[in-house]
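Once you've had a glance at the structure underneath, I'll fire off some questions.
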């Protein structure tokens, strides 16, 4: 067996941020000329690792070796110098530019004083054919499909001489056929002498294409697999998610026959892509329905459809047997849908406004915020005071602006505001993301209380503790469909992970 | 309560720039400022300042309504002039009994101004036409349309020399407040009068406050400006908000023009002020879109203008007043932006501090 | 020789086959109108020449706006920069003659551009607000400076500067009868024009307008248009400038100095607007308060009408000013007024149909043209004030009906700073 030198080596990488240790001793060894996958869940530390690799962040401890040489990247430029090229998940392309313009920007080929489009086009065609990345250099970038745009991004780094290409969740935006095309391109890249590192959480795909895999969990490397034919998907999933599942602690006795929220055969197609495919489920009074799955698989979209922020292509949403099709967001909120948004700063709060103003957001047409046309400030302030006391929001007062509160307290305020408005259905998306442990416990208790009060809860989360601990029923979403309906009390971590990552599919739902 | 330091710095820098300009032109800044103050010291000067300030105030409120929603109504120039033209023509022709005529004139002004603002608003929500571009185009159309109508259909046929709408009879003017002031013991010289529009300005200010800060509509308006996403999620209709706000803004702009039409000139013609709309934008920006702030900035602008008229005595060009106003605006805009940034960083620091306190106690 | 072929290729790709056909279509319509209404002045070189001249300051404002917007910064302050340009043109033109006027106008306009850059790039002020502030500041500055430098001077006053000389006119030899030394040359286009042949004479009229008796400063300023097209699309700098307006985060990640480029773009924008002001000074003969009219905003309109392309901007400016020029040529004769209104209506109709290829526009314009017909039959002449609304009205129509064809720079007006992902 020939000794292949490790092209990229990261040893004992540590990176700290205020309040959290993102990388706590990460190890990575990538052989030259391979497709190497880094897998891990959201929050496992893989995005920080990636930023360190391409120079956007510097590690607090540890070393980076390229071709055996110690390297320090002070900026992305330094990484580019040694041949590292980064292809981001969110493409950085100017839609109105032609493809070749996007590729050569910043390193333009000239003829005399002017820009030589002929040179650019010929160089790109050369790279295209060498690496099998078919793209029309003279097409308008905005007219390209997602797969083609990705090829443009890859060509961008190749044009600048990259020999190590890092791809961040490259299949997140692709349909299955495009995924196959991408993988074929990756193999051609490797055949042409390029080394590919790609980051993913979709284990079925990873196993299809990777030569080696590094598994990251909670900031540490928990597995380094150099022979991918020797590992099973379930083993991988277990490594990724961990073997211990939190104890389910939920009271099923509260659930009644009454259906509060029903989603029937909802489809959503946008720009030719199917974002939701035949989603159907019901939430009963006193029931918590949890939707599991890695972010980006349609969870955001189904919530938008339920809230009326997006119109479904087909299918129905019913609130207590009333069809919501013709009701706008305002009427749906007023009819009794409470919402704890995933991104509280973007969708749930007015940061520059005071707490008492924020407590009316979403409920400004109901008591106590308004009576008729006018806002009842005094009543609203009192109301906010009640929220603060009952939900333990730590703040000097109700006049403070929301921005001054910590994330946990902001979230408690939002939860309190929704609970106080007595909704029939409470939709909670990642309700404890980014908040401290104490606030998290408080929010969970509030959700349990809501359940006891007979509300129907729809919980979307990527936090397994949360899902298992609160849900009566688990639905797993992957690529816009519900791929599994599980009983949280009866599954193992490995199984759940397998469904979430597409390794296993449920035969009957 | 925002600190006073920023406005003071703004005034200071503007004064500095003006002084430098005067020095470069060979004049003495101190004598300029004293001449200006001289022209502000008598009762009739102060009354003039109040009259002009009322006009700027209402226009400023018109613009501020839009700003509260991040909607930049730059079309106030066109709106108030078209409104005044139609209102003046109607009022001059119909000659209904006094108070009825007056009310009709006001309604036409508000309605036409509203309409002229709603058109670009509709274009924005239905066809995504940028509001700034739309209102600029409407300004251009207004200029030509007014010129044409004034020359033809709306013209007072009795006057061959200048083009203007028929004069509005005295019983339809907005009454002066001199007699009212006498009741509370203020006696104004016969040469000056406090326009009744002052009352309208005060009412407009109160209405601004009440609508924006106390009504449900105002809550939605503020929410749309603070965080359009969160507003949408909370059930606000973005499109309806735009139309309503533009209607309000344009209507108030039309009302502002009535200060000239019904208190001063009593006809719409070539002598009608041309830049009142932009003055309103200036005043709103300087006053940071708040009811009290705009009152201060409107008064300040009017005071600078009035003071400048007194510069003749010191042989200093009056135009320095315009430079002061322009500089004030530019400096204010910059300083407010910087102040906003400082506030943001301060608040983030505070919340980070709060979080560390929390995690250490929980 | 190959450079000539390059130039031909470039112009064809820049102007495009559609535009050529559309242009021929418009000319044909005008030609027919000329023939059937016996109005040879409709497409005479006098008319076109007048239009080209009148269009120049608007086109300059348009190019100024284009440069700025292509870099991602909305420039509403064009009006103010033009005002500064007129003042600078007046002052330096008075002291140093017409060439001084051009330089002075550019310099003063550049100051306006620099202020806009300071506000928007360094301080992050909203682009529109900064533009409005500059528009408010500039006239005050101009008036103040006039009170110091022009008032009390022989020939000057608070509102006018002393006279500024002009730069004379140029005429192309052979094609338009210009002189070489003391020899006169044949006037080919003039000959063709006088023959009154369908389409040929009209195109000759157009060419004659460009080549005969054209003011020197007009030639100089109009040459900025192809120059702008070249720089923006055929140089690396131009690519980087456009990327700053399309996707600054992408440009920044590739090492492009977006901040520096925007500064350059804004200062250039200001100076071009200032040159437009200087043109007015030279052509009117002096600085005059308010001579810029609404040209800054017209320039903005032509940027939109021209779809953010230099030749489109010029076409827009030309179209907007064509009615003015015609009016000046034809006077107030009713039948001629009839003719020109119909011609305009039909030309617009044809232009829209061909340029925009949008059925909705065509359908909307049929009733519009009919209305125009009815209106003209009932009035003696088209009021100049009313026609001054047309450019703005047309631009609004373009925005409403052709929004899908418009391609403004994708990131224009969006706040951006280093390290932001947008």
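Note that the chains take the letters A, B and C in the order they are written out, and that residue 1 is the start of every chain.
Basically, contacts are C-beta pairs under 8 Å (C-beta built on N, C-alpha and C of every residue); 3 or more make two chains touch, one makes a residue touch a chain.
Keep in mind the model is a prediction, meaning the values are calculated, not measured.
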| item | value |
| --- | --- |
| A-B or B-C - the one linked by more C-beta pairs in contact | B-C |
| Far-end chain from chain B, centres as C-alpha averages | A |
| Distance from chain B to chain A - Cα centre to Cα centre, in angstrom | 47 |
| Interchain centroid distance [CA atoms averaged], chain B/chain C, Å | 32 |
| Contacts with two or more other chains, residues of chain C listed in rising order | none |
| Chain A partner contacts - residues on chain C that touch it in the complex | 230, 233-236, 238-240, 242-243, 246-247, 249-251, 253-256, 407, 409-410, 421 |
| Touching residues (chain side chain B, partner chain C) in the complex | 21, 25-26, 72, 74, 123, 127-129, 132-134, 136-141, 143-148, 151-152, 278, 281-282, 285, 317-323, 325-327, 329-330, 333-334, 337-338, 341 |
| Residues of chain A that touch chain B when the two form their complex | 18-19, 307, 309, 328-334, 339, 341, 346-353, 357, 360-365, 369-370, 373-375, 377, 394, 401, 403-409, 436-438 |
| Chain A residues touching chain C - in the complex, by the definition given at the top | 76-77, 90, 92-97, 101-102, 104-108, 110, 113-115, 156 |
| Footprint of chain A on chain B - complex, ascending | 213-220, 222-223, 226-227, 229-230, 232-237, 344, 347-348, 350-352, 354-355, 358-359, 362 |
